[in-house]
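Next come two complexes, and both contain chain A; in the first it sits with chain B, in the second with chain C.
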Partner chain A sequence: MIKQLVGLLAVLAVAALFVALLPLMAPTELGPVTRHYVEQGLVENRGANLVTSIVVNYRGFDTLGEVTVLFLSVSGAGFVLRRREGLVPEPQRRSSELVQTASRVLFAPIVLFGAYIFVHGHLTPGGGFQGGAVIASAVLLLLLADRDRLLPHGFLSVIESFSGFGYVVTGFVGLAATGSFLANRGVIDLGTWNRLFSAGVIPVIYVLIGLKVGSELATLLDTMMHADQAGEGHR
Partner chain B sequence: MNLLSLHALAVGTAIVLILVGLAGALVRRNLLKIVLGFSIADSGVNLLIVTLGHIPGRTAPIIDDPKLLKDAGSLVVDASKVVDPLPQALVLTAIVIGVGVTALMLAFVVRLYAQGKSLDIRDFGRLKW
Partner chain C sequence: MIFIDLVVCLLAIVSAVWAIIARNLVSAVVLAGVVSLAVSYLFLRLAAPDVAMTEAAIGAGLSTVIFLIAVRRTEEEEKR
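Let's turn to the complex of A and B:
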């Protein structure tokens, strides 16, 4: 009881902090750094979506770190929930005919939609992370329709490793061409603003991120889907 | 700040979400509810950061219209017509990290349940001093 009261008091303290900070929460102008990103974004990157320009180019190195964090958390979950070798998953209740048929019909369109989102990441709201999540949702549908299905782990890890490797290689190509890691200008032609083939290496990197996030989240879903059996196997 | 504006509504919702999530994580004893609390607080923080970059009357930082450029000849964007893209880029990162962290926490919960057959945090006091 005492502990919960202390917890509630802590929450109230945070609430008071927010109330004190409230006057700062209505900006009227862009800051100096973000002003440069906005004004020079098209000149330097030709990507219509300025958020993508920041995530993949100006802050591309941070995004590389972010992809690493995602990889670490997924492999951490996989390590914690690892399956014992040779453990055959117990057969589970079959899902309904509707889900099974719908998953067969919808799988390809959802994957295509995910690919569309990450290919157009530099033009529309979207990109590698969002597209990858959509692809993973298609895999989730597949797993819901057939719970005993085991995903092709070899295939997924090949896609995942090669896309991560490709990201780093793109960075080094920039380093070799212009002397700056993950550089965009001077590596390949930037193209015309607001066209699919524009923004230099940004779409290349975002496609790689999309593949990487998609395969990582699919592996994660597979790990969690079969986690109950892993728990039984270790007892 | 106008109290009835969309901006104030979003800030208010974000703060309420953060507080609800924090209270859930601190007060609840079910491990799943604690994870859920962290996840709710995460959404609140993301909403708050995006809202902090929002300036009323401006449009999204996606330059698909020549009207958003300073002048027709060059590609310099008029910085007084779009909202701040930097918080949005930060939140894009934070959402993905949030998914990864939530997945890792849930994995730990599954493992703890498999070992102790309990979801009550009071049953896992071994690291307490």
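Let's turn to the complex of A and C:
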């Protein structure tokens, strides 16, 4: 009885806090930093998608941190779940020929769509993270249709390392050219607004993020699908 | 339009609560995916297509599958 009462009180306290904080959550006017993003974002980065300009340029350093977090979690999962060495044929029902062929046919268009999303990240909604997730879902389709398929982990980790390295190198190029890490203006010509080759280094970075996220998530899915039976390695 | 929004809000809330009280782990995971899908529609309606795409691709797609794989793996372990 006491336990329920305490729980109810806690819920009521949180609800009261929520109501008290509600006016703070929807500010009616822009702060100085937000105002700068909205008014100068198009002038400074010439990207049609302002969200991408903020994520990759103004807060590019935070995005680098985010990519690192993803990398660490995937390597952690890979460390805990070792892939089975040499495939042991499991007594499981194989997918039909139809499903396997259809998944192979669909794989290329889905990967192309993911690439389209991150290549056009500075023009249309979406970008590296979304495009990478779409590519990983194409890989997932392939893995679900054919359980015995093993992904080339070496190849994927080469892509992943080089794109992560490229992101940092792009940051240092900005540092060398203009004196600030991940700078956009003064590194590559900004080009014309709303063209594919515009917005300076933003599309370069988003393509790198797309490749990195796609290969990381694909590796994670492959590791989870083919993981060693839990605990078997310790016996 | 506002009617559809309300229905989707309700769907998200009901699925979230149902996912918590569901006894079957697989249905709980699928219901959590439904929450993500409904919320991604709401993000789109709130003029945040970037967030909506992320939520639909990762929340409703990949994380649901990863949880399903994890549930299957742990069930295999429990049976032995």
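What to note about this one:
The rule is short, and it goes like this: the second predicted complex is superposed on the first by the 198 of 235 C-alpha atoms of A that agree within 3 Å, B and C clash if a C-alpha of one lies under 4 Å from a C-alpha of the other, contacts with A are read in each partner's own complex, and residues count from 1 in each chain.
The definition used in the following text is that a contact is a pair of C-beta atoms (placed from the backbone, for glycine too) under 8 Å apart; a residue touches a chain by one contact, two chains touch by 3 or more.
Note that the coordinates shown come from a computational prediction; the quantities given were computed from them, not determined experimentally.
Legend: residue contacts after superposition of the two complexes on their common chain; A:Gly126 is shown touching chain C, with no touch to chain B.
Residue by residue along chain A, chain B and chain C are tallied for touches, and B comes out ahead. By the document's definition of touching, both partners, chain B and chain C, reach A:Val51.
When the two structures are aligned on the shared chain, A:Leu220 is found in touch with chain B and with chain C.
Legend: residue contacts after superposition of the two complexes on their common chain; A:Val74 is shown touching chain B, with no touch to chain C. Contacts of A:Val187 after superposition on the shared chain: neither chain B nor chain C is touched. Residue contacts after overlaying the shared chain place A:Leu151 against neither chain B nor chain C. In the superposition on chain A, contact is made by A:Ser137 with chain C only, not with chain B. In the superposition on chain A, contact is made by A:Thr63 with chain B only, not with chain C. When the two structures are aligned on the shared chain, A:Ala26 is found in touch with chain B, with no touch to chain C.
Residues 49, 51, 125, 127, 129, 133, 217, 220, 224, 227, 230-231 of chain A touch chain B in one complex and chain C in the other.
Interface residues of chain A, counted against chain C in their complex, comprise 49, 51-52, 117, 125-127, 129-130, 133-134, 136-137, 140, 217, 220-221, 224-225, 227, 229-231.
Put simply, chain B touches chain A in their complex at residues 1, 7, 11, 15, 18-19, 22-23, 26-27, 51-53, 55, 60-64, 69-70, 74-77, 79, 82, 84-86, 88-89, 92-93, 95-97, 99-101, 103-104, 106-108, 110-111, 113-115. By the touch criterion given at the top, residues 49-50, 52-54, 57-58, 61-62, 65-66, 69-70, 73-74, 76-77 of chain C touch chain A in their complex.
On chain A, the positions that touch chain B within their shared complex are 4, 7-8, 10-11, 14-15, 18, 22-23, 25-31, 33-35, 37-43, 46, 48-51, 53-55, 59, 62-63, 66, 69-70, 72-74, 76-77, 80-81, 123-125, 127, 129, 133, 193-194, 213, 217, 220, 223-224, 227-228, 230-232, 234-235.
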